[in-house]
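Take this structure first; my questions come after.
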Amino acid sequence: MNPILRLDKVCKRFGGVIAADDVTFSVMPGEIHGLIGPNGAGKSTLMNLISGIYIPDSGSIFLDEKDISNVPSHMRARMGIGRTFQTPRFLQRSSIRDNLLLGTDLANQMGYLKSYFGKKGSNFEEELDRLMKYLDFTFDWEEDINGLAYGQRKQLEIVRSMLTHPKIMLVDEPAAGLNNKEIDDVMALLNFAAKQFGIGVLLIEHSMDMIMNICEDIVVICFGKVIAMGGPSKISCDEAVIEAYLGRDLDASNS
Amino acid sequence: MNINTIVSLAVNGISMGMIYALMAMGLILLIRAIGVMNFAQGDLLMFGAFITCWLTVDLKLPLWAMIPLSIVCFVVVGIIFMFTAYWPLRNASYPAATVISTMGAAMALKEIATLIWGSLPRSMPPLMKNPATGKVAVLKIGSITIQWQFILTIIVGSVFIYLVFVLFDKLYAGRMMQAAAQDKYAAELLGIPTILTTMATYVIVVALASTGGYMIAPIFMVSNTLGTLQLRAFAGVVIGGFGNIKGAILGSLLIGVVEAFSTIQFSQYKDAVVFLVLIVFLLVRPQGLFGEKIADKA
Amino acid sequence: MKKMKSYIKPSSFLIFIALAIFVALVPAVNQGYSMMILNLGLIYSIATYGLSVMLGLGGQLSFAAVSFMGLGAYFTANLCSGRLGFWVDTSLTLVLVLIISTVVAFLIGMILFRLSGTYFTFGTIGLVQVTWSFYLSYKPLFGGPDGISNVATLRIFGWSPVDYNQWFYVLVVIVLIVAILVERIRRSQLGRSLSAIRDNEIAAQTLGINVYMTKVIAFTIAGVLAALAGSLYAMHSQFVSSDMFTFERATSYIIMAMLGGVNNTFGVFVGSVLVTMLPEWLRGMQRYLQLIYGVGVILLMVFMPMGLAGLAGNFGKSIKRKLRSAAVKNAPAEKEDAK
Amino acid sequence: MKTRRLIAFTMAIAMTALAGCSTTAPTQTQAPASASSEAAPQASTGNASAGFDGSVTFGVVAPITGTNKMVGEYVVNGAKLALKDINAAGGINGKELKLVFEDEVDNQQASVNAMVKIMNYSDVVSFFGSTYSANCIAASPNVLEKKIPMFAGGSSANIPKKGNPYVWQDRMTDDQSGVLLAKAATENLKIKNPAILYSTESFGTGLRDQTINALKALGIVVPEKNQYGFVNDEKNFAPMISQIQNSDVDGLIAIGNQMPAAVICQQIDAAGLTIPMIGSSSWASAVCRQNAGASADGWYAVADWTVEVSTDEGKTFAKEYKDTYNADSDMPAVAVYDSIMLFKKACEIAKTTADKEAINNALKEIKDYKGAMSTYTYSENHCFSTSQFLTVNKDGLATMVGTVKTR
């Protein structure tokens, strides 16, 4: 079957800085695909390129084998690209219910008029209950979003992204700021999304144990170039990856 | 439409353009430094006009005493204006709050001026007097007569533009202020006292606007309705482009000249012409003369 | 899991009662002159509702309410005063005003939203100046500086309000309808999309919201409501002049929205009525009125950016939180086994 | 955090009471806002009401506060002078005259509010309306509805034209003063090809149209390029003045209110324009002469009033005003004074001080009544005045040159 998301020789430069250089990889539906690399390697830029915030200088991006390189970002979202951010982006002055309803709005894709005249979309509550079972905290709907802890908000953003019924989810450093218990919950949630709904997940993460446990396939980026691709076992002993992360030992190399 | 008219209209247009430029520069400094759109800019100009008029007419100070004293007044007004309209709101969660508080400040400034100096407009003796006739000094080139007051405005305007450029490009203080403007948090980490730089920005903005007030006081009557001139400075800022001073100055000069020449055909639609030019400009180049498309970071 | 609250929250029930008392009591208390001022407050609240959709939900500061009020007022004045040689029935004019203003507001919105943030606001200032200049000077359509007088009053199905009291009832009904519409918008997808745009346009895009079109739709709604207010103003005062549509007037609408609490439907109503009626009540302090107004606005922004409603809201929430923590204290056992 | 919320709460209470007034400043009477149906609060009590059986109340609307405050002072002083003279001479039909004032501030909304308020006072029989024409036009539907005679302070010819039998004007209307302005410009100043600088608000455009028609009748056509309109609060006249200076015109006719008049004088003087100049009545007003100072000298004006008047009634009024207020009188003061005198005359003809309808009809019988400002005779267009003064500004004084009559 063909990949849900495919990047083909995507390049992007900001003045002198090369953010992406001939990046080519693809994510299969229902697969959790890791995207790792040292800080400033261009991971977030790739995310922005896929979700349409930046337009690539050259190369193209395919969603379900349809070329979306020049499609505006809100259309890409409607075609099924879900996104979470390093720092969760929520509506400051609204209740949790409204924030999550934003996700269902995208799922139902009713026009403003239909939703205005009260046609209730898909049943919002039990779908949310099913997802919340994976996380061990509950909340009061009308509570202000800022009432939740940072870790809880990060998990909630993943839940919101799943509510939009995406084809592919771009998850940006979900583990940052979470304790171990919460990381396990997130991994269970992502597995649930990938296996039950067949959602492709592109996961940016620095904590290696999460990457190594959950990802079936990993691509490593350094200074915008793909330096390695493959399964967790292959990547963990790949020469170039270790060097990119830990640097080379000078005297050892010239032996 | 002979040469006389064209020259005198052009000179009048450029001198008014300079007044708008002084205000527009202030607006840009505030937008870049503090992210605030100052709706009290016109009233700061009016306040400056009243202060200089009070010093020259009421206290009858000679020029060499009046200028330092008026600068002291401008500094005081700048600091008070900052600590009332901006400082308590600097980390307000709602961006519109700071803008609307400047509107409140605008009304308060109008009323304070009325309470101190009365609501009747006051006239101010011309700066450049022709010693013989005691009338306004006039430069005669062939058959063209240009009032020295306009020329003085243009000179003073360009001097201030040069000073602001020197401050921001050459001096360390200017770079400090720009750093604080870009990222207040990071600047504080580098030991830049952002409270001082913000105060310095406000003082400069008030000084620029008040000098504009001083320049037009002898031409127009000094009254509390001078604030309406700010709308043209807004137009200059928008035409100039996102947050850059060069654009704002050129935009303001363009607005001044367009305004002067629009009196030829439809003088009562003068306002409409100025702002139609603005809106047409926005259609063609939404990012303005010098601005470039700035993509926000995700 | 907390059960979803039913649609009618207790607080909106309270508001309903307060409104009923307000409607019953007010006409008995004042007539003629101060009733006219109150009616104006109600008319302005319609335009302020439009502004609350733009500023409260969408976070876009716009001064354009005044020019659309002018559009509605002059359109009605021309049709209902017979100065163009023919008369049009006032209720038909109201419908025409709504249609025309939707088209005009949509087009102007498309133009102005090529800009964003501060520069959009400057664009609306330009629009206000252009429209004011035409309202003042272009005689054939706008009657020049004299304005247009003896505009016919409202006639619906043969009945027309005779004095200001009857006008009051008509206006309360219209304001109620508008308030309910705006409250519905706040709870619908459009409301949520606008709030997303207000907080972060980039995040909104990734949630599938077409930022440009949504802003234009909000601008159109604000324009239509302002035109409706303008039309009602023309019929109520039976006289229209450019003096009502200047830049200074535009700032008073924004302050009306902010005072009451721009995100609270009931707050906007309270804000508009307060801003219009206060000069009548503060009769003695005539000289210092503008100064109080200016300083008051600054204090308002410093201490209550979310307006009276915001304050009341926080107050309500803090009470709720205290109640809940009290409930937890005396029922610890029940909490344990819920997990 | 706690104290911050406490301060916020107390601020809220203070705020709602103080802040948030709308920019249209309200009308203001000396007494608290009274429900309109009761009697008007007695703003100024004349001397002891001994010797009078009952009273009659006359309303006066004036810009007591705001940018036109100076005009408001003249109206209030003129009205109080009329009150003193009438009550000293036995009141009206034996009844003591009482006045009530309303403040129209400086915008249309407040002005209409003030006039509606004064009409609604049950004991006000007639009143002096706003000194600005657009406001009088705005209030005329209410005057018609209330059937109460109003003396309009404005001079625009459009006020009486609305076919409203209750609106009267004691000042010369624009259409007639337009004729006088044209006559004075061509005969007295010998201008052949004038430029016209006019304010675009209702008074300005009205007078411009009348003047151009009058000039056409005298064989002078003013082309569009020689007409310069300016917005009422315009400040920068330099572009227009330089165009006038460089065009082939041999004289300037200027029309506007007092404030623009002063700015125009100053900027024309600065530009060194030397062609003969004649202005509407604002150019002779004390407000313009004080603000413009020496630069107002040399300006002719067709004015309703000048302190250096040579008619007897005019001299007595000017002297009495100077003695009471030790300041020079000005047009708004004499306009309200003469209006109240005309009201007294109508009451005497109708032999009633309560029946508004009878008083209104009695105003039709007034013929050759010698007032301070002019001699008044009824005419269908409800404008009483029959003449205006031609004045020239010399070293700060508007000295009278002659009178220009219409009928």
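Should a chain be cited, it is by its letter among A, B, C and D, assigned in written order, with residues numbered from 1 in that chain.
Simple rule for what comes next: a contact is a pair of C-beta atoms (placed from the backbone, for glycine too) under 8 Å apart; a residue touches a chain by one contact, two chains touch by 3 or more.
None of the values given here were measured: they were computed from a predicted structure.
Innermost chain of the displayed assembly, by C-alpha centre distance to the whole-protein C-alpha centre, is C. Ranked by how far their CA centres sit from the centre of chain B, the chains are topped by A. Across the two interfaces under comparison, B-D and C-D, the one joined by more C-beta contacts turns out to be C-D.
Computed from the mean C-alpha positions, the centre of chain A lies at a distance of 48 Å from the centre of chain B. Note: centroid distance chain C to chain D, computed from Cα atoms, is 37 Å.
Centre-to-centre, using mean CA coordinates, chain A is 74 Å away from chain D. Looking at chain C, one finds that residues 133, 136-137, 202, 251, 255, 287, 290, 293, 295-297, 300, 306 touch two or more other chains. With touch defined as above, residues shared between interfaces to two or more other chains in chain B number as follows: 93, 107, 228, 268, 270-271, 298.
Looking at chain D, one finds that residues 23, 200, 229, 231 touch two or more other chains. Residues 1-2, 4-5, 184-185, 188-190, 192-193, 195-196, 198-200, 202-211, 214, 217, 263, 306, 317, 339 of chain C are the ones touching chain A in the complex. Those residues of chain D that touch chain C in the shared complex are 5, 7-9, 11-12, 15-16, 18-26, 28-29, 32-33, 35-37, 65, 103, 107-109, 112-113, 116-117, 120, 133-134, 137-138, 140-141, 156, 158, 162, 200-202, 204-205, 229, 231.
Per the touch definition, chain D reaches chain B in the complex via residues 23, 66-67, 69-70, 200, 228-231, 233, 235-236, 238-240, 242-243, 245-247, 259, 262-263, 266-267, 269-272, 291-293. On chain A, the positions that touch chain C within their shared complex are 51-53, 72-74, 77-78, 81, 83, 85, 89-94, 97-98, 101-103, 105-106, 109-110, 112, 115-116, 125, 129, 132, 136, 138-142, 144, 164. Within the complex formed with chain C, the residues of chain B that make contact are 31, 37, 39, 84-85, 88-89, 92-101, 103-112, 114-115, 228, 231, 234-235, 237-238, 242, 268-272, 274-276, 278-279, 282-283, 286, 288, 296, 298.
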